[in-house]
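Presented sequentially are two complexes of chain A, the first with chain B as partner and the second with chain C.
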Partner chain A sequence: MINEWKITLKIYRQKGQEPPHYDTFELEVNPDEYVLDAIERVWAFRDRSLTFAHACHHSTCGACGMRVNDVEKLTCITPIRSVVANGGVLKVDPMRNFPVVSDLVVDLGSLYQRMDQVGHRSVLPLGEEPAPHPAAAPAPEDLQALRLADCIECGLCISACPVATTTPAYLGPAVLAGAQQHGLNGDLKLLELVDSDSGVWRCHSAFECTAVCPSNVDPARRIMDLRRQVIGARIARFFGRG
Partner chain B sequence: MSNKPSPSNWPKWFDPRRREAGSWAFILNRLSALGLTFYLFLHLIVLGTLAQGEAAYDNFLETIHNPLFILGELVVIVGAVYHGLNGLRVGLTSFGIGVSVQKQLFYITLAITAVVAVFFAVRMFS
Partner chain C sequence: MDKPHAIIIGAGFTGVATAHDLALRGFDVTVVERGPIANGTSGRTHGLLHSGGRYAVKDQESAIECIDENMILRKIVPQVIEPNGGLFIALTESDLEYGEQFIEGCEACHIPIEELKPQQALKLEPNLNPRLLAAFTIPDGTFDPLRLALSFAATAKSNGARFHLYTEVEGLLLDGQGNVVGVKTWDRKTNQRGELRADIVVNATGAWAGEITEMAGASVPVKPTPGIMVAYDQRLCQRAINRLCPPSDGDIILPQRRMMVVGTTSFEVTDLDYVPVIEEQIELMLERGAEMVPGIRQAKVRGVYMATRPLIGAGVTGRSIARTFKCYDHKASDNVDGLVTITGGKATTLRAMAEATANMVCAKLGVTAQCSTKDTPLLSYRQFYALP
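For the complex of A and B:
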């Protein structure tokens, strides 16, 4: 028998220039379902005007990032029981630091453009992206095989970043992590972009990006590593070697 | 549209709800920095009373010799210790040292600050 919980889903609503508000829906759910399943149920059976983004349902596409009870989550892999108790309220908001298009959908265009700008590669050789666990380390003959990059460009890290809240100019954790993945490698244009007020030095070490990242990217660590790369490149250029 | 970044969102820096240890460190760092900056100006104003002569300065010292001002001095000491230690933490992690243990470094910072606070509180109020 399926264990059923009763929860209240409180969903952020905003259409066009209308002032935002919350709609609430009483739902019966299996607590082992995911938050995205509950949102889809509202759309399917209660309110067809609800707008939200999703695609793969297995944390690969990065489309369903939202704030669940004020914490950034990829809703397709967030079990309901991990964020609410039986009888509780599950609040769902769109991500911060991006313009809201409609309800739970935000415009991630600035993120995608910047990822392109820093040369982030969505696909790269196995040998270039360290394996998360030693057991998953590729065999030497597989190092040139291709894999998808860890970053799924969901935008959760930018939503969680307190610095990104105040300045749209800040490149943000995902983009800086993308630059680190690309590597400076004598790319002067990229060096100027990340070694700036809106680049690596804007980060104030709150580490929220790494805390919410659903995909093993660890943007904070990459930002710190990029700082070392920037300093190395500047020193090399000072001595005429860059 | 809502949720866009804006300079007017800066009060959100100080909202610790649903935030991780790193954000608490960030918030405390900002608050202690603002407090120490405020104290620096206050300190300069106090030193300015010296220009009015020894009697004026002694008079001022007499005025501030009460538990409220001593508590203020304790807050300054605690703020300075926290800000300095967290500055070391941020300095190390900023260059890739100890990033994976940044939470533990924050807890150590808090623990040392607490010990210093108790030490000075006992000395200043006894």
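For the complex of A and C:
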């Protein structure tokens, strides 16, 4: 692999209670490599104290979400050439709206707990979250076969959400999209959770979540659909059918 | 008597599964991992829940391990698995010839297969190469690598195991006779050094196992052998599609979420911490993948990555090394007590690897508790973060 570009990585650093700062690393890179590769290389060859989260390196696990030049990216599938020019600066920060554990690592615990709370299914029938390419449509007998859900719980949508910045109580796009995927279906506890100050009505329709989602979840659309479901459930309750 | 304390180095598949097994057997367990969960080889697996078909001809011990463990994982951790089966497809005369041995091998390893006519296979998987000559169904599946590891870790945690992530083992604590009694740690989150003592230290660092044994003056015959994986942005098949041929480069396509992953290659390296992608291998995966599913040529590359298998072997290389696993009691091999290494194996056999390791640990410490992981459903992977 040819390292034909020179870039400067400017990485957010924070250890324990120390005040945060940025460290810069001059790096020769192949522009077709991914941002995560450059970060891993800094750890492997330059600074073993750098901490960052990652696992699958192909966008199925959702571990490596970060802010790259102030935009939320899943770094394992973000080619270097898509976010910086030769000779440029690549600034990498941890995601917003989650507590920083160390350097680029944030605590996603609240997201995972809430995904369980709203009953998001991690595995579901192929027919339920259809693929966008016509060639990829499953054979009819496969519609009940199972596949892993679209949402990889990376947290990028919550980092990008302007409402989540105003209050940690807001369930956030991924969680509301998770509730929509589960469906209200007369689940009164779930209805109460999402039909609240911290639920669907807190969303300001900024659509930042859908803009940064790397996994086709389209949380904004799902939140709008969940609002319709909530209103439907309210009307049903009003007429004593809920 | 106090619970025996085991330190496990590494939170890849083997480490988390061993933590789960030992926690169930009543051990006090501490896992020390230099990065996050499954950041090395485990996270970067292509995610095939092996039926064993790939090894049924030349490596039947591994094949039997795979089919047995495949069935167990489907039961205990369905929340991370796409259980849709797989196909082995023949495209050439030589593939068909290999098919004869394949049928015999699968029978010998009790792997259930069923032959399909090409039209039947195309009805199931319309994007297969229409010129296919034969196909066999097989109980493959795919799994999410991080979530598989997290499910074991979550369950271990619920049984009392402690996880020190982003904490590197910088050295081993030795007694006067060179036996291992603990580890020296560097918490990279807080930049603090420390020491942990234990009755037994389990080296579950896979391809990196040699770096830990070296700290004790011991050794293991691990051959780190990376391979490439290329992920594409379309899901053109619902089953794992295997080429009906001996294990070779680009012999499998795996669907996962909305993607497909084509894998893999096999070569040796010495520097494990960063294995750069070899560009010619990307092209090779496309060529080989498109032979089975031509539509891959219209898909876009979504990600390219390398994963380093921890193969066990002295003398032989690459594809000819058996894919089974091995536990080493370094008292027996190097006269260093207090240290056990588990390496080799495959993601699919993580539970069996843990069982063998925990058996060895129990025998060494005189613990009589039996393994119960076969019948213990795992918690939601999300519980790893929810539990304190």
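The criterion applied here is as follows: the second predicted complex is superposed on the first by the 240 of 242 C-alpha atoms of A that agree within 3 Å, B and C clash if a C-alpha of one lies under 4 Å from a C-alpha of the other, contacts with A are read in each partner's own complex, and residues count from 1 in each chain.
We adopt the following convention: contacts are C-beta pairs under 8 Å (C-beta built on N, C-alpha and C of every residue); 3 or more make two chains touch, one makes a residue touch a chain.
Because the structure is predicted, anything quoted here is derived from the model rather than measured.
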{"item": "Superposed partners chain B and chain C on chain A - clash or fit", "value": "fit"}
{"item": "Contacts of A:C61 with chain B and chain C, given as first, second, both or neither", "value": "second"}
{"item": "Partner chain in contact with A:K6 - chain B first, chain C second, else both or neither", "value": "neither"}
{"item": "Contacts of A:V101 with chain B and chain C, given as first, second, both or neither", "value": "both"}
{"item": "First, second, both or neither for A:A220, with chain B first and chain C second", "value": "first"}
{"item": "First (chain B), second (chain C), both or neither touched by A:D142", "value": "second"}
{"item": "Which of chain B and chain C A:R234 touches, first, second, both or neither", "value": "neither"}
{"item": "Which of chain B and chain C A:F207 touches, first, second, both or neither", "value": "first"}
{"item": "Contacts of A:V71 with chain B and chain C, given as first, second, both or neither", "value": "first"}
{"item": "Chain A residues touched - chain C or chain B, whichever exceeds", "value": "C"}
{"item": "Least C-alpha distance (whole Å) that remains between chain C and chain B when both complexes are overlaid", "value": "13"}
{"item": "Shared contact residues on chain A - chain B and chain C", "value": "101"}
{"item": "Parts of chain C lying in touch with chain A, wherever the complex brings them together", "value": "35-39, 42-44, 47, 78-84, 123-127, 144-147, 149, 166, 168, 188-192, 229, 231, 234-236, 238, 255-259, 261, 273-274, 276-279, 295, 298, 302-305, 380-386"}
{"item": "Chain A-touching residues of chain B, taken from the complex the two chains share", "value": "1-7, 9-10, 12-13, 17-23, 25-26, 90, 93-96, 99-100, 102-103"}
{"item": "Contacting residues of chain A [partner chain C, same complex]", "value": "1, 15-16, 32-34, 37, 40-41, 43-45, 48-51, 53-63, 76-77, 101-102, 105, 107-109, 112-113, 115-116, 122-123, 126, 131-133, 135-136, 138-139, 141-142, 145-150, 152, 215-216"}
{"item": "Residue numbers on chain A that touch chain B, as the complex places them", "value": "14, 20, 69-71, 94-101, 106, 162, 164-168, 170, 204-208, 211, 220-221, 224-225, 227-228, 231"}
